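What follows are several structures.
Next come two complexes, and both contain chain A; in the first it sits with chain B, in the second with chain C.
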Partner chain A sequence: MNRPIMAGVKLTQLSKQYQVAGQPLEAVDNVTTTIEPGSFTVIVGRSGCGKTTLLRLLSGLEQKSAGSIEWLGDGSGGADVKVGVVFQEPRLMPWLTVYENMAFALDKQPDRTLVDRQVTGTLEQLGLTGFRDAYPSQLSGGMAQRVSLGRTLCYDPDLILMDEPFGALDYFTRKKLQRELVDLFLSQHKTIVFVTHDVTEAVFLGQKVLVMEAGQIVREVPIDNPYPRQATDPSLLARQQEILAALEN
Partner chain B sequence: MFEWQPVWLSIKVALASLGFVVLLGVSAAYVMRRSEFTGKAAVEAVFSLPLVLPPVVTGFLLLLLIGKQGPLGRFLADSFDLQLIFTPYAAVIAGTVVAFPLMYQSTKAAFQSIDTKLEDAARTLGASEWRVFWTVTLPLAWHGLLSGIVLSFSRALGEFGATIMVAGNIPGKTQTIPLAIYFAAESNDMTHAGLYVLIISLLTFSLIFGVNLWARRKQPQATERGVL
Partner chain C sequence: MNGAANTLKGLYIPAVLGLAWLAGSHFSLWNSYIIPPPAEVAAAFWQISSDGSLAKHLLTSVYRVFVGFCAAFLLAFPLAVLLGMFSRLSAYFDITLEALRHIPPLATIPMLILWFGIGELPKLMIVVMATFFPIFFNTLHGVASCDGKLVEVARSFGLTRREIFRRVVLPASLPSVMVGLRLGLGYSWRALVGAELIAASSGIGYMILDAQQLSRPDLVIIGILTIGVMGTLIDLLFFALTQRLIPWKVGESTDYGRG
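Coming up: the complex of A and B.
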């Protein structure tokens, strides 16, 4: 079940145009960049700059207007790359329990014992074992977001897209989940693309930070600091300043 | 002598109509939700037509279609030696046509009120469109669908005008409760007419009451308003 596949993606002049009130709007405008297999990329940018649209293009929920999306990675060959998404809100099925929500991602697995093993393992990994039979309405925001992440992990994607997944959480929960995400990245070797407003979060998590503005990538900031990082590390703070400066331009 | 025959026939006809109506109404709403084409508004209007046309007009149009001289009627007679007119099947067709807009509208409204976020989430977990429909869209739209089911069943059960045009009033064969009421009252048999009135009223009341009760049990979110 755990195929050792990490997918990267090469975007070439990727564009997405919407019609808003009869006017064309370039939500994603000529984006060219490469996301390496097994890398952790963070996208930052002001509200409305096209971050979500870019993720929706990558996840196949939206059709591109122009350009190309080319999958990279060991053995993926471009075909049938599994892309998982963690949204800003948990988006759990309210009529399914925590366990059933996670098992939803494993529907194509006919062997129920394997499903059970995977779900139980993921519940354990995320500290959710006690909530196995709870319904989403009975969970706190942080717990629900954990379940949402767990559901995506159960799907076992080659590339995980995360759209401000911790945006609605309080400071402490957010810090905790950030650390857990780094641990997960280190242990599972997944390719992750993570969108956030929070520049501190961006430099804490990413190996590369893409700064977006008006549909375009205006800056790529590599961050070579090894994990786990200290948020107070001066070199991280310097990267943070650099990103803020790019955003304020 | 009081006859139970119209009661059973009415229930059978209404159930059969309901089956077709659910299938057609939900499919139509699903297709219309996902497609944009010129003339969509016209198609929508046609779908709602049986709701605004007098039933007797709907019946007349159906008669033109499936009657002995109608294109469909003649085709079925020639190819399959099948006659629909003045049979219970014609009553089912009439019930289906008049009840269709109710199911269609309820389903359409239910689909419109759905937040597509959960459907998107399911898609990103590898679910096919077919699976998204059964495991996400339907549970979300369930409430509206149920009220469509109740409305269209009741509508088919009470159908008179179109039914009498295409199925006629053949006691023991095509006479449903509404027809039995009309003809009993016409021949001044108020006792029997009243009995049928009582039965059909009880039937529809207990249906709505029962479904509301069941919906309340089944889905806590539905309690506030009931189904209808």
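Coming up: the complex of A and C.
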């Protein structure tokens, strides 16, 4: 296996144009930035700023209009990078149990004991062991989103893209999952790109926050506070002010 | 849930009707030729059960429904899947299917007899025509309304089109397909008995027609009740199968697809 364990990505003048009511709309406009392998990057911005489109370009669900996406690997030169996506909604298959949903992307793995070990381990890690045989309709929103995250983790991607995954959850569940995500990041050393409109969430999670406005990255804010962070930390609050100021310009 | 209690509740109306039948016949509230008394019907039932003629007619009808139903499925399911997956194709089929949908199968009997005689084929074709549309439209609906967000998940994991169909679209449309199959079964029973009333030498529909000509209302009643009971039994069987195949819907709506 000479696949990279972590992947980064270098975006050069990346653009995506849509036709909206006959008018061209630059959803992503000339974005140039680098996401380092093994880093936790947060893209923040208001609705319609192009952050979700940027994520969809990275995931391959949308085709770019111009520019380049260059994968940075840990050794293999960036070939064949596995990208996993966690969507805003859990998007679980209603006909599969929690276990089967988590194993969804592992269908082609011939070694089923390996799959079982992987899924069972992830279930344990996410506190889902007791829900193994439940169907998605029996889960709470937070649990369902955990399963969705677990499904992507089981896929073992080199880069995880997360599109406001906690946006629909209540305050307490969201806080809990944010902490769990930081723990996961520290233990699994995955590259994570996380999209949110919640500035507090952005500074709590990210090592670097990209502020987006009208399809462009208007500011890059590095945050080198060590994990685990306290949301009330004054230096984090200062970063938060900085981001808000950039957004309100 | 409280299945036994509900089954009991469902038996109240048949019980009351049965009692009214008994009492009305006992006190001669109506002419016994118009509504023969239960005892007479029971005796006739015993007679045609023991000489095997009821079983023979029933078996013939069940066989026709079975073959016609399977043929309808083999036609309707692939076509619906095809049109559901490639919606551009449906422009070619829309008008034809819409027109055919409105033709009652029984209306075609004269032509079917003219073309195919009075053998098995025209009867099976009646069943196929009646069963085709419920299966076709429900499958089409299931495939076409498959959640694009789930398809996107599969795409994000790098599944091919074929895999997406097998692992997402097909299971997602299964509840709709099952609804179509259950409706189709009901339709095929109705159409078959209609077909047998017109041109047949066996089957429950023929039995009823024959009884009419022999002035045996007791046999007519047996025929009618047999159709009702058989239909209910087949539906129950199918319902159990649905529960099995769609476990994730169980509890969400226990009477899925009844209507």
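Descriptive notes on the structure:
The criterion applied here is as follows: the second predicted complex is superposed on the first by the 244 of 249 C-alpha atoms of A that agree within 3 Å, B and C clash if a C-alpha of one lies under 4 Å from a C-alpha of the other, contacts with A are read in each partner's own complex, and residues count from 1 in each chain.
Everything that follows uses one rule, which is that a residue touches a chain if its C-beta (ideal position, glycine included) is under 8 Å from a C-beta of that chain, and two chains touch if they have at least 3 such contacts.
Quantities reported herein were computed from a predicted structural model and do not represent experimental measurements.
Superposition of the two complexes onto chain A shows a clash between chain B and chain C. Using the contact criterion defined above for the overlaid structures, shared-chain residue A:Ala105 touches chain B and also reaches chain C.
In the superposition on chain A, A:Tyr135 makes contact with chain C only, while chain B stays out of contact range. In the superposition on chain A, A:Leu61 contacts both chain B and chain C.
Shared-chain residue A:Val85: touches chain B and chain C both. Of 3-11, 183-191 or 219-227, the chain C stretch that intrudes into chain B once chain A is superposed is 183-191 (criterion: clashing C-alpha atoms). Residues 59-61, 83-85, 87, 89, 91, 93, 95, 104-105, 107, 155 of chain A are contacted both by chain B in one complex and by chain C in the other.
In the complex of the two chains, the chain C residues touching chain A come out as 149-150, 152-153, 155-157, 163, 167-168, 171-172, 174, 246-248, 252. Residues of chain A touching chain C in their complex: 59-61, 83-85, 87, 89, 91, 93-96, 104-105, 107, 135-137, 155.
Of all residues in chain A, those touching chain B in their complex are 59-61, 82-85, 87, 89, 91, 93, 95, 104-105, 107-108, 151-152, 155. Partner chain A is touched in their complex by these residues of chain B: 117-118, 120-127, 131, 135-136, 139, 219.
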